Amino acid sequence: MHANTNAGAADFPTSLIAGSPHEGFELAIRLSRLGVKAVQPDVEILKRLRPAYASDADSLIASSQVIAIHFQTIAAANDYWSRGGSR
Amino acid sequence: MHANTNAGAADFPTSLIAGSPHEGFELAIRLSRLGVKAVQPDVEILKRLRPAYASDADSLIASSQVIAIHFQTIAAANDYWSRGGSR
Amino acid sequence: MHANTNAGAADFPTSLIAGSPHEGFELAIRLSRLGVKAVQPDVEILKRLRPAYASDADSLIASSQVIAIHFQTIAAANDYWSRGGSR
Amino acid sequence: MHANTNAGAADFPTSLIAGSPHEGFELAIRLSRLGVKAVQPDVEILKRLRPAYASDADSLIASSQVIAIHFQTIAAANDYWSRGGSR
Amino acid sequence: MHANTNAGAADFPTSLIAGSPHEGFELAIRLSRLGVKAVQPDVEILKRLRPAYASDADSLIASSQVIAIHFQTIAAANDYWSRGGSR
Amino acid sequence: MHANTNAGAADFPTSLIAGSPHEGFELAIRLSRLGVKAVQPDVEILKRLRPAYASDADSLIASSQVIAIHFQTIAAANDYWSRGGSR
């Protein structure tokens, strides 16, 4: 894939530290989305694609998988929130 | 994927700690589902999709894979339940 | 995916500790199956799906992948069976 | 997936320790195959499927991915063969 | 897959160390792209493929997943940027 | 998948240690290819498949993913090249 390497600097989190699993999950969702935007930066095209894939079970499961992989990274970064929520 | 970043705060677990592998697996199932809901928050659409994908072997295997990835995270968070069930 | 969160408590292993790689692999197979059952708890539907996907190479490879992910978790839980078979 | 939980005890390696990366890779190949056999134990059906998927690029790439996941597990079990080849 | 083993030496990062999560993500995007170029080094063919897959939701989600896997590696290499940004 | 367990001993790297991220990536590419050859050892068939999948975006992304998984293993084996390039 040819990717736009200047992917959303403004949107990008400055840290992987999250205050709770819920915040970590939100961050995983953002990273998943930023991965898509890196390959297709045209927001209009992304909006046009949305209704179809958001109603397609396999696309939803695949999206959930990308979130799961990023959540794995973020959970590790936060030491699984098991020692007071930060590393 | 454009995702709703306000995904189910009420539903979200406050910790990745689970009392047993079984509870950890339940948590992995919840996280998989929350990933889907982050991309498609409309519960009615999700209900409509359900009969088809829940009867499609490849969708079921893909769902099982997302659960497996989250279970990997949760098992690590709980130190694999090998030293008394908590980290 | 909407998932039944009460997935097979009776069937669920109480520990990820396995006496050998072979037992660990059996456990990985069980977890893969429990992931499928969490999404589709109706055993009759699962039986009906079986002949088709068990004769489809891509479904078999995908199933083998889910087992591989769970085996990764279980092998880590057992410290790879390298120091006498338990952690 | 409904899986045969008595998957090839005779074939199963008794340890994840391998003398070299090459032996570890062979072991990863075996585990990938045992995952398939766990779901479809009928060797005749597997033989019948083989010519088609072994000539399908996407099936080959998917198979290579399952091997890669198992190799990751085995490499970790052998501490990446970096301290004299065993843990 | 037959792959060109002389993949973009000039383009390749000399280190996995990145100053921030954002720089790490950019690096993950580059590695994903270099993986594609290793299999298809002909830039003209890649350019020709781009409009179709960059407008296909499933291809975008799959691309985002490859980025997620590389980001996991890079985040670990940078100790998750949690102790001052370098290991 | 039925796999040839005598996969390219001559081609196989004797170590996962690589002098740089670039060499590690080349090694990941080789391992991905060896995984394919383990399932389809007939080089003529592989050559015949090449033009089609090397011009298919989804096959290229899937190939890039297998490389990413192997690169994760190799990067860990080399301690991410962060302490002087070897473990």
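In order of appearance the chains are A, B, C, D, E and F, and numbering begins at 1 in each one.
To be clear about the criterion, a contact is a pair of C-beta atoms (placed from the backbone, for glycine too) under 8 Å apart; a residue touches a chain by one contact, two chains touch by 3 or more.
All values reported here derive from a predicted model rather than from experimental measurement.
Participant: How short can a chain-to-chain path be from chain C to chain D, counted in steps between touching chains?
Facilitator: The fewest touching-chain steps linking chain C to chain D number 1.
Participant: Between chain E and chain F, two touching copies, which fits better, same or different residues at the interface, with half of the numbers shared as the threshold?
Facilitator: different
Participant: Could you please state the distance in Å, as a whole number, between where the Cα atoms of chain D are centred and where those of chain F are centred?
Facilitator: Once rounded, the distance between the two centres reads 15 Å.
Participant: Per the centroid of Cα atoms for each chain, what is the distance between chain B and chain E, given in Å?
Facilitator: Roughly 27 Å, centre to centre.
Participant: Among all residues of chain B, which ones touch two or more of the remaining chains?
Facilitator: In chain B, 1, 32-33, 36, 53, 56-66, 69, 72, 76 touch at least two other chains.
Participant: Which residues of chain A touch chain E in their complex?
Facilitator: By the definition above, chain A touches chain E via 1-3, 5-7, 9, 12-17, 31-36, 38-40, 45, 49, 52-53, 56, 58-59, 62-63, 65-66, 69-70, 72-73, 76-77, 87.
Participant: If we count contacts the way the header does, which residues on chain B are in touch with chain C in the complex?
Facilitator: That would be residues 20-22, 25-26, 29-30, 32-33, 36, 46-47, 50, 53-69, 71-72, 75-76, 80-83 of chain B.
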